[in-house]
Structure formats: C-alpha cells, structure tokens
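There are two complexes below, and they share chain A, which is joined by chain B in the first and by chain C in the second.
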Partner chain A sequence: MAAKTLTIDGKSITAEEGATVLQVAEEAGIKIPTLCHLEGIYDVGACRLCLVEVVGVPKLLPACATKVAEGMEINTDSERLRKYRRMTLELLFAERNHVCAVCVSNGHCELQTMAYSLGMDHVRYEYLFPKWGVDTTQRLFGMDHNRCILCTRCVRVCWHIEGAGTKNVSGRGTKSHIITDLNMPWGESVSCTQCGKCVQACPTGALFHKGSTAGEMERDRGKLEFLVTAREKHQWVVAV
Partner chain B sequence: MSKRIVIDPVTRIEGHAKISIYVDDAGHVSDAEFHVVEFRGFEKFCEGRPFAEMPAITPRICGICPVSHLLASAKAGDAIMAVNIPPTADKLRRLMNLGQMVQSHALSFFHLSAPDFLLGWDTPQPQRNVFGIIASNKDLARAGIRLRQFGQEVIEILGGRKVHPSWAVPGGVRSPLSVEGRERIRLWLPEAYATTEAALNLWKKTMETHQREIQIFGNFPSLFMGLVAEDGTWEHHGGKLRFTDSSGSIIADQVDPQKYHEVIGESVQNSSYLKSPYYLPLGFPAGIYRVGPLARLNVCQRMGVPKADAELKTFKMMGRGAVTSSFLYHYARLIEILASLEYIERSMDDPEILGDYLRADAGINSLRGVGASEAPRGTLFHDYTVDRNGLLEKVNLIVATGQNNLAMNQTVAQIARHYINGSQQIPEPLLNRVEHGIRCYDPCLSCSTHAVGQMPMRVQLIGAGGKVLDELTRG
Partner chain C sequence: MSFLDLDEFLIDLVDLVDIVYSPVVDMKDYPGSVDVCLIEGAICNEDNLELLHKIRQRTKVLVSFGDCAVTANVPAIRNQLGLGNTESVLQRAYIENAQDNPCLPKADGIVPQLLERVMPVHEVVHVEHFLPGCPPPAAHIKALVSQMLSGVKPNLEGKQIKFG
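Showing the complex of A and B:
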C-alpha cells in the first residue's frame, strides 16, 4: 500500500493509503471531536462534528469520512470550525428534549461531555420541544427518542456487528427517527436478539438498560471493539 | 363597605404567598385566605416518562424538601414493582429521612421562627431575622446552624450531595453507608442533643410568656393525620395512616397508604392552584385535617425512644384530648428533632446498617403504586399510575402544605380577628403575627402548587356587603 504524506495542523505526517483523516490525526495525537464515529464500525459522517478544513477545498469535510490524499493540508482547529461545531451541537440540543439532570446518562454522556468541552453554555436556536415517546416494551432495554441524536451508531452495530438488522432510520428531517424492524414496538421485534450492542454503542441516554435511574447508564464500548477485532483479525485482545 | 386587605408577600417563607383578609361592614374579619400563586406543572410534565426516573425528577419539585420527594417517589416505585426492599435499604432510607427531619425542623425553628418569639413581635422588621438572633444570642444561633448542618451531613453521607440526591431508587438505594460515614454521624450526636435540649429549655420559657399566642395562633378543633406503627408508635417513613379528632379519639386507623383515596378527598378550588385534601367520610370542608409535627404527635401514643417519650408526656398535657394550638407546632418540631436523634443513634449500633445488599429487582407488577412518607411538614403521597411498560399515565402528588392549607386559612382568620377589630387598617404588629401564624406550619410553597390540568385563575371585584360585582374565571 502506498504511503501518503500530508500535514495536519502544520505537522507533517505519513499515512497509509485508504486511511481516514480522523484515523491519521488520532495516531498523530491530534484530537478531533466526534459523535457518530465509533471505533470498530464503519463511518457514515452523520453528525458533522468532525469537520476539518482542507486547504484548496472550499467546503468543510468530515474527518471520519474523508480519505487521506497526497499533499493534503488539513486544519483541525480554527475560529470557523469552532463556530460550526458549536452550531451543530446547539442544533442537536434544540432538536429534541434533553434534560441532563434527570437523564440516565447524566455524567457519562458523550453529547453532554462534548457540550462542556466545546464551551457550549447556551443554545441560540429555538427549542423545537417535539413530542417523542419512550419505548419500554422491550424486556431489557428502553429507547427514549427525546435524547436521540440520530448518530445511527445503534443501526450500524446492529447490522454490522450483530448482523440482526433490527434497527433502522425512518422519516426525513426533524421527523427522522430510529425504528425497530418495520416500525413496531421494540418488544414485538422478531429480529432483535436482545444482545444489547446498540445500548453499548449509544453516545447519549437514548438507549438504556431498563430500570436505570439518573446517571446510572455507563457503557463499555471496549466490548464492541473487541468483537470486531476478534472477528476481522482473529485476535482476541482484552484491554486491561 | 367590604374591604379586602392584602398582605403581600409574606417574607421568609421560601416561595411566594398572598393573603386576603375579608372584613365586613363593621370591620370584623369574616374570612381569610392564603393564596398560593405559583404554578409548576410537574404532574403533567411526568406523564409518558419511565417511572424509574421519578426519584430524580420529583426532588426538583421543591428545593425545600427534595429528600422527602425522593423517598416518597422511590417508595411509589417499590409499590409498582411490588417488592419488599432489602432491610438495609429500608434502614438507610429511614436514616436519611431522619436527617431530613432534623435539618428541616432546625431551619424552621432557629432561622424562621425563633426570631419572632426571641426578639418579640414588635421588633422592627429589619432586625427580626436570623441576624437579629445572632446579635442577641450568638451561641444559640450558632448551635442552631450547626444542628441543621448535622442533618444535612447525614443526608450527604448517604446520598452524596446535599440537594437533589437521586440516591433512593425503586427497589432500594444505590449506595451503602460506610464505616467512616457512620462514625462521622456518631461523633456529632452529643452536640446535636445538647443543642436540642437547650432549644427545648428555651421553648418552655417561651411558652410561659406566650400564653396568648397559644390561645389564638390557630387554636381550633380539627382532625389530625399521620403515619403510625401498628402499635401506635410515632412513624416517619413506614407504618399506616391514622386520623384522630380534636378530642383525641381515633376515627380511622391502620389505613394502608395504597388506599389513601378511600379516606382522603381532594377539593379543587378556583381561588388557588392548591388542591385542598379533606377526610372523605366527613366531606368538605368539615373533614379539614392537619398534618405535620403537631399532627404526628397527636396521632401517636408514644415516640418509641425514651427522651422524646418524656417530652411527649408534657406535650400531651397541653390539650384536652388532642393538642389543638398550631403555635405548638414549634414544640412538636423540637420533640421530633429529639426523637430523630435518638433513632439515628439507635441505628448506629444496628449491624445491618452497614450492609451492602441494597436493591431489589423486578419488573412491572402493579399498574398503580403509592409511596407515602412523613416529610418534615407532613405526610407526603406520590401516587403513580403506569402502563404495562412502566410509562407514567397519571401522577398525583399530595403535599403537606396542601393538606394544611385550610388550617392555615383558619389560623390567619383567627389571628386577624384579634387584631383587626373595627379598624380598617392593618398595623405592622398584625402583619408580623399573621406571618408567624403561617410559619407555624412551615409551608413549602413552591411544591404545593401542582397543576390540575390548567392554571385556574379568578379575578374578583368585591363591592359593598361582599357582593361580587365582576368576575373573571379561567381554568
């Protein structure tokens, strides 16, 4: 595989062909904020939080879904990027109903952590206050659409790792939402194997173990990575 | 001409209050009303949410007694799961409730009420506060603050945070008591006892000089309600409901809180956002009852701990049958602090208190669950109806201040009657006394105003002879 040379934030880097900007940046110790990206599954560029500037390209590109190319000059941090990231985050909050103080993920939520770290202290957009329900028909897990950011991690782990294909996205725009099978209560799904991988993958409090109370949902993402590595590389690596 | 005199706002009550005193042509007080003008639609807000979230949501109803809502909510959850929680969890919840009793009663007595009877009614407003006490009685003020801190410390040792701990959950509690935590509580007890005893001595002197207040600050017959143990001992978290009348006779006993709606009716009044509960068999408003420290001491036979039992004897002698003066809420509060300390002390030596089996697990086994617990201000009910998946369909909360609302109205009217006599003005001393009359109940305003669907509002124009000339009603 041919090697590519490029610069990220002025640092020159050699990368393998086919690698994404996000992967390369991470290896070089440069942190790019992400939400829909999850180690172990393919990227879809859904959240737009990882946007970076590439010199010569007028639009911003998602680092997780952009492959490296020879001579690329990438900036991961600028006034413009910070502005866009904050905007994206604020829109995520305005789109659904997030009440962190009583949320099962309070204190362990990637969205919340991101909001803190990007200095989001208020939301400039009008909240939509949509009426979304909670699906607690499943015996073990619950889904609260009010807290979903449509990152589709759950859909991807369900199709790609578990191979059940239970979770899907339905609807457009603000009506988009995660569905189970052909839009039925989760408890009635015939394809769901109750493996709980979607629950492990979810970055927010949208998917949870039933009966969890405020701040009780902590996830172990390592499990998903472990499974993928075991299957694809036939290596059973246990992180300690 | 009928004149409506409005005192607004009553200071030093957390939240807002509005009082109307109605006088007739001759200037005699005909009636009084204590309006609650806040609005928080918690009951609606909760609908559709999983019931397990409630112990985190409901403490936010009211910053004044979050612990009480937390515990009642967790208990309602237990009832929906139809589980018996592990014994240690029950003991720890009780310990937290006792801590809450101490801190809340200490706040009420030392900060909010003592300024009135220590500094006198006619001390000008600027000095009639806790700073006034500090200036006049440094040691007592400091000890009072420390006693409150002790109660808060108990809560914090268990729940981790002073305010809004989401520590109790349906099925039990989330974390145990550590040995270190227990020792911290134990070490503080002697000082807490000393302060409580000093306060009791002071209170006894106050009673000698305040006979008039005992007579007119809400001294009237009514029913009393509270939780009691099976043998009639004082309860604060378990037990069943008992009603007594002003002669001290038991009129209903061992009513399972799950069936509170068989003995308690709720009247919705247009003039207030509060629901006024009443004893159902007697109807409204004849079924008026009081809750809280005075009521709990009236309905129980004994405190179950020696020091408080000795005080209870003295207390019981202050009434023929029941003790009917709301001014004696203060005394009851001190006795409850004492009892709480004794129960806390007792639990320190219970080997089960340090246990780590804390949480029972179950699904939805009952579609309705009621959690009742004695909040410092009185019996608190959380009544949840869920669907088969545990999502809330209906939430009904009955809070202490709502239950005492009618008694507060009567108290205000009684005091006003003694001070407004033919006059068309309210002198400053009356204001102070009316304020205090309400403060006897230690109301927690922000939490007594949950919505009944919509915000009811009524604007009345009252003319000569109390005739309503114009009226606007909404909701």
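Showing the complex of A and C:
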C-alpha cells in the first residue's frame, strides 16, 4: 500500500493510504475531540466535533471521515476550530433535555466529559425543551430519547457488529430520532437479539440497563473491545 | 447549601467580604451597590423574575451558581409540556395528587404566578460568570471566589467544571 506524507499541526507524518486523518493523528499522539466515533465501527462524521482545517480547503472537514492525501497540511487546533466545536457541543445540549442531575449516566457520560474538556460552562443558545418519551418496553434495556445526541453509534453497532439491523434513524432535523424496527416499541421488536451492544456503545444516558437510577449507569466497553480484537486480530482474549 | 461545605474557608471569607443578602440573612430588600452576587435557581415565577432584574440593576458582577441557574435543570422539565403548562402542573400537584384538601394555591400578591417557561438566569439578564454543578463542589466555589477576591478574571476549566 502506498505511503502518504502529510503534516498535522506542523508535524511531518507518514501514513498508509486509506487511513483517516483521525487514525493518523491518534497514532502520532495528537488528540482530536470525538463523540460519534467508536473504535471498531465505521465512521459517519455525524457529530462534527472532530472537524479539522486542511490548508487549501475552505470548509472544515471531519477527521474521522477524511482520508489522508499526499501533501495534506492539517491543523487540529485553532481559535476557529475551538469556536465551532464549542458551538456544536452547545447545540447538542440545547437540542434535547440533558438534565445531568437526574441522568443515569451522570459522571460517566461522554457528552459531559466533552463539555468539561472544551471548557463549556453554560449554553448560549435557547434550550428547545422538546417533548420526547422514554421507551421501557424492552425487558432488559431502555431508550431515553431526551438524552440522545443522534451519534448513531447504536445504529452502526446493531447493523455492522451484531448484524441485527434493529436500530434505525427516522425523521429529519430536530424531528430525527432513533427507532426500533419499523418505529415500534422496542419490546415488540422481532429483530432485536437483546445483545446489548447498543447500550455499551451509547455515549450518553440515552440507552441504559433497566434498573439503573441517577448516576448508576456504567458501561462495560471491554465487551466491545473483545469483539473488535476478535474480528481484526482473530484473537479471542477474555478479560479475567 | 454546598456553600457551607467551604468549611474553614468561610471563616477567612467573613474577614474579606460583607454578606449583605441571602436566604439566611435577615434583610427584606436586596441592597444597592453590591459587588458580587452568587445567584441560585432557575427563573420559575414572577417573584424570581422581579428579584432577578432588581439584582442585576444593583450588582456589578453576577455569578450563575449551580445547574438550576446555569441550565434551568430540573425545574425546567415542565417546559417539555409546552406553553400553557402552568395550569396542568398545578392541577397535577395540588388536585390530582393531593391527599387532603385539594385546591389550587391562589392568593394574588402573596403566591407568585408561575411563568409560562422556566429559564436559566442568563436567558433573562447578562451574567458575568458561570459555576455549574448540582451542587457545585466546594472546591470549585472556593476556586471561583478566590480568583475574584484576588482580582483575577475568574476562569474555571477542565476539572473545575461539573454538571450534575
């Protein structure tokens, strides 16, 4: 495979053809903020937090879904990028009802952690306070649409890893939401295998184990890591 | 109440500032020319709104203090019911769930009217600084207050920010 040479934040880097800017930056120890990216599933560039500047390209490009090219000059941190990342994050908070104080994921939430790392101490936009429900019809898991940021990790893990294709996205704009099968209660789904990968993949408190109360919901990402290692390296390493 | 978790720092603080108004200071009206006000809670009713405007007029530096003030938090959950929820939430709380003597609280000039929409403080007036948290941990309060006392522009980041 042909090698590509490029620079990220002034650092000269050699990368394999076909690699994404995010992969290459991570290998070089350059941290780019991400939310919809999850190791082991394909990237879609849904959250726009990993936007980077590429010299010569007027628009910002998502690092997770941009392939490296010869001679690329990439900036991962600038006043402009920080401004847009903060804006994107605040809009995520304003769009749904993220009431951290009463959320199952309080303290173990990637959206919260992202807010802290980007220095977000308040949201400048008017909260929409939409009316969304909680689907608790499934025997083991629940879906709280109030906490969903539409990263589609659950959809991708369901289709790509489990191969069940239960989770989907319906609607457009602020009406977009995650559905089960043909928009039916989760408990009535015939395709769901109850594997729980969607729950492990979710970055917020949108997907949860039943029986978790505020702040109790912790994920076991080791299960996903096991699957990724098994698939990519053909090693079935069970953590003791 | 997490302000009280400042423990012995409160003793140092008493020497440095005059506490002129608080729910536990016996003062009927908000005084004039206040340097700093740490303001708690979301803006839920007409009384909150009136006091907030008064505080803004008479205060140099406003700090939105805690998740309810910063995000409107739990009090704002009723916003999800849409405009016109003031009747239905009172109905639910005071009539449907009442065990004894169901009746709506109504006394003009005494019981303030609920606002149509619960708002975070900065949606109503300009706010200089934000200290989120439910509650904000004492260490964060101390950091912010210390920065203000030493004349530095308060700036909390990373681990000094907490929601929930």
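Things to note:
One rule holds in what follows: the second predicted complex is superposed on the first by the 234 of 240 C-alpha atoms of A that agree within 3 Å, B and C clash if a C-alpha of one lies under 4 Å from a C-alpha of the other, contacts with A are read in each partner's own complex, and residues count from 1 in each chain.
Everything that follows uses one rule, which is that a residue touches a chain if its C-beta (ideal position, glycine included) is under 8 Å from a C-beta of that chain, and two chains touch if they have at least 3 such contacts.
Worth saying up front: this structure is predicted, and the values here are computed from it rather than measured.
In the overlay built on the shared chain, the residue A:S189 is in contact with neither chain B nor chain C.
Of the two partner chains placed by superposition, only chain B is touched by A:T213; chain C is not.
By the touch criterion stated above, A:A101 is placed in contact with chain B and with chain C alike. After overlaying the two complexes on the shared chain, residue contacts for A:H122 are found with chain C alone; chain B is out of touch. Once the two structures are superposed, chain B and chain C can be ranked by residues of chain A touched, with C on top. When the two structures are aligned on the shared chain, A:Q112 is found in touch with chain C, with no touch to chain B. Touch criterion met: A:T136 reaches chain B, while chain C stays clear of it. Chain A residues 101-102, 215 lie at the interface with chain B in one structure and with chain C in the other.
Against chain B, the residues of chain A that register as touching in their complex are 101-102, 104, 133-137, 139, 142, 144, 187, 210-216.
Against chain A, the residues of chain C that register as touching in their complex are 64, 67, 70-74, 76-77, 79-82, 117, 120, 122-123, 127, 130-132, 134, 156-159, 161-164.
Across the complex, chain A meets chain C through its residues 93, 97, 99-103, 106-107, 112, 115-117, 119-124, 126-127, 129-132, 146, 215. Residues 48-50, 52-53, 55-57, 60, 164, 166, 169-171, 174, 361, 363, 389-391 of chain B are the ones that touch chain A when the two sit in their complex.
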